[in-house]
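Both complexes shown next keep subunit A, but they swap its partner, so subunit B is in the first and subunit C is in the second.
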Partner chain A sequence: MNDSAEINALIQHFLERDKYALARIITLVENDPDAARAIISRIYTHSHKSYIIGLTGSPGAGKSSLINSLTTFITSQGYTVGIISVDPSSPYTGGAFLGDRVRMRENILNSKVYIRSVASRGSTGGLAIAIYDITSVFDAFGFDFIIIETVGAGQSEVDIFQLAYTIILVTEPGLGDSVQVQKAGILEIADILVINKSDLGGDFLKVNLNMMLESYKPKSGWHPPIVRTIATEGVGAAELFQTILAHKNHLEVNGLLEEKRRHAIRTQVQNLIESILLKTMAQKFALPENMDKIMEEVCSGSKDVYTAILGFLQPILDRLDHL
Partner chain B sequence: MGKKIRFLMAKPGLDGHDRGAKVVCMALRDAGIEVIYTGLHQTPDQIVNAAVQEDVDFIGLSILSGAHMTLVPRVIQLAKEKNIGDRFILAGGTIVLPEEIAELKKLGVKEVFGPGSPTKKIVDYIFSLAKA
Partner chain C sequence: MNDSAEINALIQHFLERDKYALARIITLVENDPDAARAIISRIYTHSHKSYIIGLTGSPGAGKSSLINSLTTFITSQGYTVGIISVDPSSPYTGGAFLGDRVRMRENILNSKVYIRSVASRGSTGGLAIAIYDITSVFDAFGFDFIIIETVGAGQSEVDIFQLAYTIILVTEPGLGDSVQVQKAGILEIADILVINKSDLGGDFLKVNLNMMLESYKPKSGWHPPIVRTIATEGVGAAELFQTILAHKNHLEVNGLLEEKRRHAIRTQVQNLIESILLKTMAQKFALPENMDKIMEEVCSGSKDVYTAILGFLQPILDRLDHL
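So, the complex of A and B:
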């Protein structure tokens, strides 16, 4: 749907806080770069400075359930929440099973809540660029809080946390040992640690986490607290929200919130420029057509991969020198 | 890159049998479709709300409880009220009586896939609708 009259009508309804329009606009920015450009340029002045929370952790730790119980509490305090739930796309088929909503049933009909399931769509090592746009759209719509939930604890998820202001890492008792959490490499970027399923234990895990946290330099005076929750029962939701607000306050008071916003924008700008350049250049220099030749040289063993690539690239690099 | 098909798989009502629905979900995922599964015991309200927010192209209603002649029309009605009456609605489960199938199709269900439907048939049908 590229009809600009239709897009204009949608934007109109969107600015009137119509959720149907919000849904349609998200689809457009997710799938159509031209529409994304048109829409973002029209709505960006409507930013409400939504507060962005990022949530990650191992599959099964209870992220979605926690978001559900946290959202229930946040909305009970009068705020609105927009949730972006990211699940992985199949690297083979490109399809995805997006099942996070199953844990959020209490909030499906909550008028203060909007939930959107998003497939990662094969973003290699970086946030799907679309998620920046979706977050901007949520912000323009006016949610007080935006919660972005991401898949497990892989290194590629680190990029997602260049976007959020408060990062919550969700763990559960009995996941093996402290090494598991440590390997994640994510521990040091977490602002708040949650031990969910606290009805099953967690004292030992808490001790371990505290020990590990002590070995990290505190980020600008903030010592990541550990919050115990039982997400399915709403236990700990209030405490978690208070902790988030405390972190938000810490960022604001120390001028760090603005810094984070700039960082998020910088990451998006960098990603976008590189992505557009890459696509344009690959096309302009006929990479697809040359791919077979390069493949043949490497697979047959007549050239090593670097020599083969440079055979194609060097003339281009030389031309760039003369730009 | 073409637009991905988004499919909402819903289980309305008290029916607790979701194995079939999950099998279909996986088949759709394997065919490159983004499937949003909303879990058991959904009300028509919840289903339509989710469909609006997720901006899906298809709503799949899986019902094995026999309550389909009550639940499906309610979903269709609500979908129209919420402006998504143009999305494709498919039904499955144990809806087998020809007269009921005919009635559902008259109300707006595009196709009914009863027990034994090959998942490939479902996938092909979805793509044929999406391309049109």
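So, the complex of A and C:
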């Protein structure tokens, strides 16, 4: 894909909203950072029209089913939806994603929907950048809504959710309720709480959630509503979508959407700069090979870790200083 | 603390195992990266005698109580214990840690124990580096065991646990059992599983855990045992410690401990190099100010994000190339 005529044709098809071109571009963007920069700079829009929704919750809470029923409802209203699903495979084994695919089956053939799953990568930064890039591509493609789904809490979710305008936390009834929502502060960043599988109960969970919410200051006057759903039957999808629109309206009326967009761009810019700089330095100063030398010195006991690192870094820092 | 005579005296006291000097050095290390490097390079040992234990689990599972009872047992056997507790405050509000302090009260005045809590920081890397540094200081101080406690799963835990030789996952009986352990692959990296509060049940959880464990390949011949505890009454602490020693022995006999130590050092070296390089570049090239300019260009619509970033970065990359 170095042939610029080929890339021109691809971008042309993409701008004509061809889904195959969309898929091809995302694959390019995921696998080749240089291609990513070249292509995204040509398709990137200044409009940022897509409304970005983050959705999280414990495995088993029914996130995929909920996204399926929500997407079915949103598209029934005439809107288009791009879905980015972070593969719940751990960094240790790799994992199957087939179950979620099945739960989203209904929408895989829906012409108004495009679903992309992204594998968890080794580094937090790498995953966040992949998500930023795909979001940029989805945005340029013109989806009305982008839904980013991740599992549970953790720093990588926090990084990814810097992008989202509305964050939804999905819970399910059961003991261990408080456990589900206390995870690393997700409750504090959630704009809407969903009690899914609410045919199985949920009154106690609702009381529990409300109590926990009371201990936080409302974010800019927004009190996170609790929506009950039965995703597998489509129950509550309309109400959830109305609640998303209400939050969107709240952000717009109070000038907060623009603020969130700026914040999202700032996070993206910072991550990209750091990633490009580190990659360049790693090549320039042969980091992998020098890491081996440092390891040798430390593990043989000839130097402590800081002395070994500075023995390698100090000359580089001195040269940088004279740039 | 720029007076080198003062630092010399401090290091002298530290090497004489004075806890006040230990506390002082950790505070210095936490607040001043340059001091951290200078001091750690002088106290760093090549022996790495401390045995490092990682302990995680959902909030409410009783991690602090379990660490308290485990520590009481370990010290009763004549060993010393250093505890690093990652403050469960979210990156968004900051949170109280008093509850955990209370649960560890028994050991706060124990002369064989030192407890340090570390606040979650903005960046994953920053937190991991703080934990590496404190672990190095604890190791140099000569603790027999270091216990690192974190909440739940997520990338930052994965980074921190690169340091640990034995990883313990703490669960509690109740519905939502499978949810507790599926989080971001923690089950797959756990060497020992604890069912705490086992007076409240746990048979079903045990079956559940065993089923989930069967789907993973055992790590180098080690099948993670399940230990039942009632931490608030000290029940199971002896068995848990014996299980830790059994795992330690397994690692030693199979040459895996050395491998884990090398891996831990490698992770630490890589994080430190990246952090030092990025900090230097940020100062040298006035990153914060240039970020503002880039934001201006992108938000005004005059450039797309990639063009704006490369407009700033390309001259830097060119100069780096000619170094």
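FYI, the second predicted complex is superposed on the first by the 296 of 323 C-alpha atoms of A that agree within 3 Å, B and C clash if a C-alpha of one lies under 4 Å from a C-alpha of the other, contacts with A are read in each partner's own complex, and residues count from 1 in each chain.
The rule is simple: a contact is a pair of C-beta atoms (placed from the backbone, for glycine too) under 8 Å apart; a residue touches a chain by one contact, two chains touch by 3 or more.
All values reported here derive from a predicted model rather than from experimental measurement.
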item	value
Which of subunit B and subunit C A:Y114 touches, first, second, both or neither	first
Partner chain in contact with A:I294 - subunit B first, subunit C second, else both or neither	second
First (subunit B), second (subunit C), both or neither touched by A:A23	first
Partner chain in contact with A:N31 - subunit B first, subunit C second, else both or neither	first
Comparing the two partners subunit B and subunit C, which touches a greater set of residues in subunit A	C
Set intersection of subunit A contacts, subunit C complex versus subunit B complex	89-90, 93
In the complex, subunit A residues that touch subunit B	19-20, 22-24, 26-27, 31-32, 89-90, 93-99, 101-102, 105, 108-109, 114-117, 119, 121
Of subunit B, residues touching subunit A in the complex	1, 3-4, 6, 25-26, 28-39, 42, 45-46, 49-50, 52-55, 82-84
Residues of subunit C touching subunit A in the complex	37, 40-41, 44-46, 58-61, 88-93, 124, 136, 151-158, 172, 174-180, 182-185, 188-189, 216, 261-262, 265-266, 268-270, 272-274, 276-278, 280-281, 284, 287, 291, 294-295, 298-299, 301, 304-310, 312-313, 316-317, 319-321, 323
